[in-house]
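Given below, in the form of structure tokens, are the structures.
Shared chain: subunit A. Partners: subunit B in the first complex, subunit C in the second.
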Partner chain A sequence: MSKIVSIHSFRGGTGKSNTTANLAAQVALAGKRVGIVDTDIQSPGIHVLFGLDGVSMGHTLNEYLRGEVPIEEVAFNIGDHTGDVSGRVKLAGQALYLFPSSIKGSEISRVLKDGYDANKLNEGLQDMIKTLNLDYLFIDTHPGLNEETLLSISISDILILIMRPDNQDFQGTAVTVDIAKLLLVDHLHLLVNKALSRYDFGHLKAEIEGVFDTPVAAVLPLTEDMVENASGDIFSLAFPDHPWSKGIRQVVDTILKIG
Partner chain B sequence: MTQEIYTLLKQSEWFSNLPDEVIHLLMERVKTHTVQPGEAIIQRGQQDDSVFMIQSGWVKVVIPEEGEEGEMVLNHVGPGEMVGELSLVDQRPRSASVIALSELSVLELTRRDFLEIMEQYPMMGLHMLITTSKRMRFVLTYLEQAVTWSHKIAEGDYSFLEEEQAAGGPGSVVDHSASDSARANRFLAAFFQMAQDVQKREAELKEQVKKLIIQIDSGKRDHEIEQIVGSDFFAKLKLETLQIREERDKSKKA
Partner chain C sequence: MSLFDKLQSELDDRNEEGGISTVDLLELPESLRRIMRHMLRAVTMPRKDVLTLVASWPEKDRISEEELDKALKSLVHQGWLIEMGEGDLLGYRVNLRRKKGSQLSIFNTIGEKIDERMEAARKAAEEKAAQEGGEGTPPPEDE
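Up next, the complex of A and B:
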């Protein structure tokens, strides 16, 4: 039974795309057939982590949603195009498909102007799972709680809400948690990212679980090493022994157990 | 006054055991100063080379802490003792400041006068060496204790500070009846108190996490949820979600 895993955060800048890419890559590395959809059509970004640019990504989700191409023509198999960076190269031969959104200015403004059909997206996701026989489909959502996001949340089997340990994130995440519960998401997990090293992570996890009444899959540290990596690679593959990468694998274990 | 100075010189570390003629020679050369509490008789970094003998009152020997108004107290010095002997010997800038803790009467002897007298009575140099060695031994005890306590702090053990605080109140003058090690502890305790303050601040920062979480505005939260849940879109979505889930469950069973 395939699972839809939405990775969401109420605010931008939580490291959502980066986390999605790392989780999906690790699940693929565990031998599962994995897809990643960038539904952040207004500001797509996950393709960069997989070394794609406007030319190499080929057809996009935008074209599929307008009914111009079938879904399989949008799928880009990372396992066949890893490039030679130290982390991504480990994905060679794995089934990891990216469904990129267009990064063309005209395409983005078209979506902003017209919106896109939420139901069509839903159909598309089912189409992806079926056509590519996926075990897991990861959705990198748009921050906030707009209609597309609510749709992504509602059709998720697993929802991972990323938050930083700061007040603005706490407030927005509290709202998102309640909405997700109202939408009856089966498996809701929080993921704390960019935690300052001065915090006691164990204590932080317990506090947040208490306040949100929701399990925290991991507390990931804020790390300068990540900034140096500058989005050019999949961090947890390139630096598997780093505390951040270990935290990511903890989340992956949680996801695989649900599957 | 003259008698007082005579007695003081006869009892001092440097000049005791010297014949009366030397004492009289010294009495001709020394200048007496009165200093108010808080005033400095020696400023760290200054280029002068007199030595001072405390006649009455107490001084503290301090190093200012960089970029702050604080200071680190190295020693307390009282009647009959000398300060400023290092610059007298090596003529380099003053290594520490000496500040009056109470109203002070001090005798100043210039390097030039000191050298002239020492030429005639070399024994005076030996006495000076003995006093300087004593100071050196104190500094070594001080350092040894500083290293020991640094190790304890590295292990997160601050218990020695409490023990030291129990041993004597801060701010009081540390007199010479105490052993070198007890005196070093007293001065260092003030310095290591700083380390404990750092630890406290760290603990407070950790505590802030708790405060952050607690600061969720439940009124605002309820209002935002109400806005989303009350929309037509949400009602429709919820219905559709239920249908999707039912279908999934059916297909699972099938």
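Up next, the complex of A and C:
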């Protein structure tokens, strides 16, 4: 059975897009057929990690939602267009597809102004899985709890909720955990990102698991190396021995074990 | 618009547009939330699959066929489910409420301007690259 994996956080800038791209890339490298969809239609970003810009991106989710193109025409085959940066090039030939949202100002304004048919969005997500015969569909979301996010949570088999060890993240994460439980997500995992290296990660994991009564898939360090990468490459492919990358592979193992 | 008018128009919208919002979904009893979730994944779900699903639940959570049909009917009546086919082919699909647009977004005024600026910046970068790169590279194609 294909699995839908949503990556979400209550607050912005927690590392959702970088995490989604890295998890999806690693799962594709493990030989699975993988799709990634950017449902952050008001502030898309994940395409950057795969080297796409407004010109190379081709058709977008926005055009699909307006009924102008079928969903398969939105799929961008990353395995065929890796470019030559050190991490991404390892994805050559893998079955990894990105469904991008438009980054044109006029397109973003149009979808915000006109809204869209939520049934069509759901059908598109389910169709992606069928037409490309995907094992996994990863959904990168807009932060906070809006309709797209709630829809993606309610259709997920696995939800990875990212939080920073920051008091501002705690309350919002608690609300989101409650909602995910109400929406009956089968596998809910927290992922702590941007943890200071001097923290005791084992202790932090145990503490957060206690507070939220939810497993923590990994604790990932705050690192200047990620900042330097500037979302320009798939970090865990470029620096496989880095502690951040090891943490990502721990999450990948969790995902692959679920089935 | 007065506060009352605003509220009224919001209520009208709610009734007019129909369909279930995810907030409505959160308020349903667990058995129905579970069924709706499967329907969203399946897009269209035959009634017999709904029965199979319910039968797979632990005894204490199960609902009777009669109860189930009553619940499905009321969801259809509310416009939250759409009934399709009949007899053996009877099935359901979730009717999600349309995501409403907003006239208030800042993007409405600056969206096009952003495109113009981006396009100008891209052209400038290309011209610069062409000047620096010499004759070897062909001029980039326009969209």
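Keep in mind that, in the parts below, the second predicted complex is superposed on the first by the 259 of 259 C-alpha atoms of A that agree within 3 Å, B and C clash if a C-alpha of one lies under 4 Å from a C-alpha of the other, contacts with A are read in each partner's own complex, and residues count from 1 in each chain.
As a convention for this text, a contact is a pair of C-beta atoms (placed from the backbone, for glycine too) under 8 Å apart; a residue touches a chain by one contact, two chains touch by 3 or more.
Given the structure is predicted, the values throughout are model-derived calculations rather than measurements.
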| item | value |
| --- | --- |
| A:207 touches, of subunit B and subunit C: first, second, both or neither? | first |
| First, second, both or neither for A:147, with subunit B first and subunit C second | both |
| Subunit B versus subunit C as contact partner of A:104, first or second or both or neither | second |
| Touching partner for A:69 - first (subunit B), second (subunit C), both, neither | neither |
| Touched partner set for A:155, first subunit B, second subunit C, both or neither | both |
| Contacts of A:167 with subunit B and subunit C, given as first, second, both or neither | first |
| Partner chain in contact with A:123 - subunit B first, subunit C second, else both or neither | second |
| Which superposed partner A:182 touches (first subunit B, second subunit C, both, neither) | both |
| Subunit A positions touched by subunit B in one structure and by subunit C in the second | 122, 147, 150-151, 154-155, 179, 182-184 |
| Subunit A contact footprint on subunit B (complex, rising order) | 202, 205-206, 209-210, 212-217, 220-221, 224-225, 228-229, 233-234, 237-238, 240-242, 244-245, 252 |
| Subunit B partner contacts - residues on subunit A that touch it in the complex | 1, 122, 145, 147, 150-151, 154-155, 165-167, 170-171, 174-175, 178-179, 182-184, 198-200, 203-204, 207-208, 211 |
| Residue ranges of subunit C in contact with subunit A within the complex | 19, 21-23, 25-26, 30, 33-34, 36-37, 40-43, 93-103, 105, 107-108, 110-115, 118, 122, 143 |
| Residue ranges of subunit A touching subunit C (in the complex, touch as defined) | 4, 42, 54-55, 104-119, 121-123, 126, 147-148, 150-151, 154-155, 179, 182-184 |
